[in-house]
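Just passing along the structure, written as structure tokens.
To keep things simple, chains are lettered A, B and C as they appear, and every chain counts its residues starting from 1.
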Amino acid sequence: MVRYVIKRVALVIPTLLGAAALVFVLMRLIPGDVCVVRLGSSGGTFDPKAVALCHTELGMDRPVLVQFFDFVWGFLHLDFGTSMWSGAPVTSEIWARLPISLEIAILATVIAIAIAIPLGAISALKQNTWIDVVVRIFAVGGIATPSFWLGIVSLLIVLDVTSALFGAPWMPPIEYVPIWEDPLRNLSMAFLPAVTVGYRYAAVSMRMTRSAMLEVMQEDYIRTARAKGLINKLIINRHALKNALLPVVTLIGIEFAFLIGGLVVTEQVFNLNGVGRLFVQAVQNQDYTLTQALVMLTVMVFVACNLIVDLLYAWLDPRIRFS
Amino acid sequence: MGISQTGVKLALAAALTAGAITAAAEAPKRGGILTYMIPADGGPSLDGHRETTYAVLHATAPFYSVLIRVNPDNPASTTEFTCDLCREVPTPTDNGLTYTFKIRTGVKFHDGSPLTAQDVATSWNKIVHPAPGVASARENNFVMVDTITAPDDETVVFKLKFATLTFLPALADPYAYIYSKTVLDRDMHWYEKNIMGSGPFKLVEYQTGQSVKGERNPDYYHPGQPYLDGFVAIFAPKQSVRTDAIRADRAALEFRSLPPSARDQLIKELGDKIKVQESDWNCGNVVTPNHQKKPFDDVRVRKALFLAIDQWKGAAALSKIAIIRTVGSIVFPGSPFAATKEELQELSGYWPDIDKSRAEARRLLKEAGQENLTFELLNRNVDQPYKIVGTWLIDEWSKVGIKAAQKVVPTGPWLDSMRSGDFTVALEANCQNIVNPIADVGRWLPHEVQRENFGYFSDPEMIDIYNRMLRETDFKQARTLMRQYETRINQQAHQLMVTWWYRIVPMRSYVEGWRISPSHYLNQDLANVWLDR
Amino acid sequence: MATNTGTIGLPAIAADDVGSQRASRTRRLFRFFRRELLGTFGLLLVVVIAATGLGAELLAPYNPTANDFGAMMEAPSWQHLLGTDQFGRDLLSRIIFGARTAMIVGLSSALVGGTIGLIMGVGSAYFGGKTDLILQRIFDVFMAFPLIIMALAVVAIFGTGVQNVIIAITIPLIPRCARVVRSSALAIREVPYVDAARALGFGHIRIILCHMVPNVMAPFLIMVTAFVGQAVLAEASLSYLGLGVQEPVPAWGLMLQGGAEEYASSAPWIAIFPGVAIVLSVLGINLFGDALRDTLDPKLRKR
């Protein structure tokens, strides 16, 4: 097991290095740079001298290889440098946006699990009945709906409904308050985005639960249990669901890593000052340092989730360790 | 110079039409917190002197004082400038070469230290003559300035190299915050990351990418102001959020502009709880053919491009869906320097008879052997109004057989393509803050003088006309030169201004005191804003 | 090489089940329709949308790109069944032509991404060793890499044409397909007949194409089907971020982007109908894909 763990962890290094090289190159292939965007985006005339000064200030006139070495070296020391756009340390830029994103991600996961597992299990048990059909359409609907559209439309519905009910339209706050300062305001802000993100997430997990359940129910021991005359309900609780949960948990783990991607769009729709919105900003501003740090962060979360899942599997299934 | 300045003031007649709301007779109420939105993500640094985006200005203007500015109670005027820190707008002496400003006494920075003429002179020197390594975004507007000095603590003297009509408007630059000399002497870059001025509001909190909060400055020098106890400005880059937020009263307004659809929808839903101020806008889009790329080296082809566009009908129709309204040439339509409608209709691309215009376009294309002209229009991936204008133009060009496709790219690549000359035709933006026509039209000068002109043409005659205009101190003469300059650009079909933008600011009805201006950069210190509730 | 795999790939559905079941293909098809009602419904939706896209010129009542300033933002009526958009363009016509764009984007991204993924996945499994290790790391990088950066880079460098949007969407699909295919192929590789084929001196390409590829066809088809839906959605998301297909090309995501943002409540038809088109087509593809999986997945087929 120890050897497997070491081997598996070692494999993370080339992935991180590869991602670092990729983001570094891609960002620099995009024409234009942060100085041009900063001075030219408002449509007025600007001085090429100011652009040149900005380049020097940000060290962009240094050789590319030096810049790359700087980035990797800094990364190894957990020093991500300063944002080229705001001049503030990258860590503080990200830190300021992390709470809301994490909150939405966790809330969405909770909502997803609360919906997905019971519905998925019911759908599998009642396979090919109308319940199954309804649940599956609901699930596929979650996958088929563009999340920004869902966000915009659900905001409108909330506005219209509150307007009709109370005479004054209501929408979630557009300014973040930490949960320990004002829990009600905080949750009223996070709830709707969490539901829109969670719906898609639930849909994916629901399908997984359903098919995992179906698969497990074919297994011999469940059949045996059934043959023994145990009540259906008991079997489901004790055996089938428990075994079906492994792939579902895996999926939830992996999807959590993908959540950041989902947040990119949702945070825009609900004006949440989170990591996803920062991502779009950083890329649009062509802020190399901030984008690089954010990409590495996403990649690390993704790699970590995968690593945990892999190790968990290896621990559960000895064949993997020794192959 | 003195006479011409009055001339400009008299010519004020051509003011803005729609939405200019008459001053409320009521006495302002004190108190309350104004919540507004800044339609952008957080700006780069906090230093107004080095930045160009309104995201910085809308977030920081309430904290600072300036030397002179547009009249906060009549910012629609393009010719009226009033004092903020000075005691009176001076009449220049020395044949228009010397401006002596008397500075208010008793003004204090938010840290309690006194503001004197020394602070004003040091701040202005930072803008006009920045030290090596210090960035100043609008240095180019002050080519006429020779020296700025403060002979004593109450006097600032600007000495010019030549007399010009462009100086006073340039001085009213809304970004020209007055910083503390003590702070600047210590660190020229301090204001990039910190806020400390002498304006109507004191900083409470700046939350990165999220919001800015300010509270009343009790020591403010304009009597009775500010009326608000404080303000909260929230960064909100997505338009749908902003419209929803005004509807649900999460914020009272945003100060840039919302599209007409949002205005109509808010009025429909909120009735008298919403009011709207509108104004022509000192911004517009420019069609720039790259003269270095065939066949746009041929003046006939360029002219055909302009003649194919029905600006009159287009502007009227687009005003229903985009922040666009007024047809005009290179000068802001609300300015006395602008062409009258009759003058305008002489220019290619503005003919009243579109059929005649398009027939001429076809004839020119045929003559140039370009009947099957196909090209790519470089555009920026911003909806309002770039992509709408682009979509409209492509359809207009198709009416004379020109096949154009849009290449829409993000801001960085868009600017880069233009800067490197790697495009055939571009849809540019022309957006200036204070209306200063002679300075503003400097952006049309050939590339050899104006490095950021992307038409890449050479035209010595234009440069000559411009230099004479820049040094002309008589308004009438200057206006005549402006027509020559405009006609020259149009005859050579260098570039075409299409559809000036139109500012639409819907707000909750309880917001009082704020007046719209021709630029979203102006009149944002909020000192005279109050809440009626 | 790519085209080769494509042509051999198709009859391989049959090769998947050798022997007795080959005769019962038609019967299986009928069983599919009978047992997978939802899947059949999904297939029907897909077929209708595909047909709409193919016959767009015949079906669309108006030119989808012609502006009509006399008829801006008109509500649905007999003249314009789904109303008009902000430029006065007929929404129905744009949605009909949009089906073609969706098909082009969806199918080509899925097929190109899937096929490259198939080749890389099978190759990785077959050759094993260093090749496998290196390819795996490359897949890791691309899997973990955020789509938005990739898309922005592609679009910023090449511009926003339909084919560039396809490239942007295709790249992240490749490693995902390769992963799944590889794990299925690994199992096949250990099967004695592959060794036998090698012992008989068959070339690598022949073994891969004739023995390995047909056996990973089931997961491949399931993946590709899912990809079509994901690609249509990805196009919409890219449009929302301003990186998708550009005006005046009729594309659903693009119609939604400007429309849903600005006109969601003042002219809701502009925001709703393109969204419905996206939801229906992705729903159809997914329902069909689910049924396909249930049918092709040997573990579930035992039922």
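FYI, a residue touches a chain if its C-beta (ideal position, glycine included) is under 8 Å from a C-beta of that chain, and two chains touch if they have at least 3 such contacts.
It should be emphasised that the depicted structure is a prediction, and the values quoted were computed from it without experimental measurement.
Visitor: Which chain pair shares more contacting C-beta pairs: B-C, or A-C?
Guide: Between A-C and B-C, contacts are more numerous in A-C.
Visitor: In terms of CA centres, which chain lies closest to the overall middle?
Guide: Central chain: A.
Visitor: Roughly how far is subunit A from subunit B, going centre to centre by Cα mean, in whole Å?
Guide: Centre separation, subunit A to subunit B: 40 Å.
Visitor: In angstrom, rounded to a whole number, how far apart do the mean CA points of subunit B and subunit C lie?
Guide: 46
Visitor: Please work out the Cα centroid separation of subunit A and subunit C, and write it as a whole number of Å.
Guide: Centre-to-centre distance between subunit A and subunit C: 22 Å.
Visitor: Residues of subunit A that contact two or more other chains, please.
Guide: As it turns out, subunit A has residues touching two or more other chains at 30-31, 152, 156, 159, 268.
Visitor: Scan subunit C for residues touching two or more other chains and write them down.
Guide: 152, 156-157, 260-261, 264-265
Visitor: Indicate the residues of subunit B shared as contacts by at least two other chains.
Guide: Residues 238, 240, 269, 409-410, 412-413 of subunit B touch two or more partner chains.
Visitor: Please give the residue numbers of subunit C that touch subunit A in the complex, ascending.
Guide: 35, 37-38, 136-138, 140-141, 143-150, 152-153, 156-157, 229, 233, 236-237, 240-241, 253, 256, 260-261, 264-265, 271, 275, 278-283, 286-287, 290, 293, 299-300, 302-303
Visitor: Under the stated contact criterion, what part of subunit B meets subunit C in this complex?
Guide: 238-240, 259, 261-262, 264-265, 268-269, 313-314, 317, 320-321, 381-383, 387-388, 390-392, 394-395, 406-410, 412-413
Visitor: With touch defined as at the start, can you tell me which subunit C residues reach subunit B in the complex?
Guide: Within the complex, subunit C contacts subunit B at residues 65-67, 69, 72-73, 86-87, 152, 155-157, 159-161, 242-243, 246-248, 258, 260-267.
Visitor: List the residues on subunit B that touch subunit A in their complex, please.
Guide: Those residues of subunit B that touch subunit A are 37, 41-42, 44-45, 50-54, 133, 135-137, 139-140, 192-193, 207-211, 232, 234-238, 240-241, 244-245, 247-251, 269, 283, 409-417, 419-420, 428-433, 442-443, 450-452.
Visitor: Show which residues of subunit A lie in contact with subunit C when the two form their complex.
Guide: 11, 14-15, 18-19, 22-23, 26-27, 29-31, 128, 133, 136-137, 140-141, 143-149, 152-153, 156, 159-160, 207, 211, 214-215, 218, 257, 260-261, 264-265, 268, 279-280, 283, 291, 295, 298-299, 302-303
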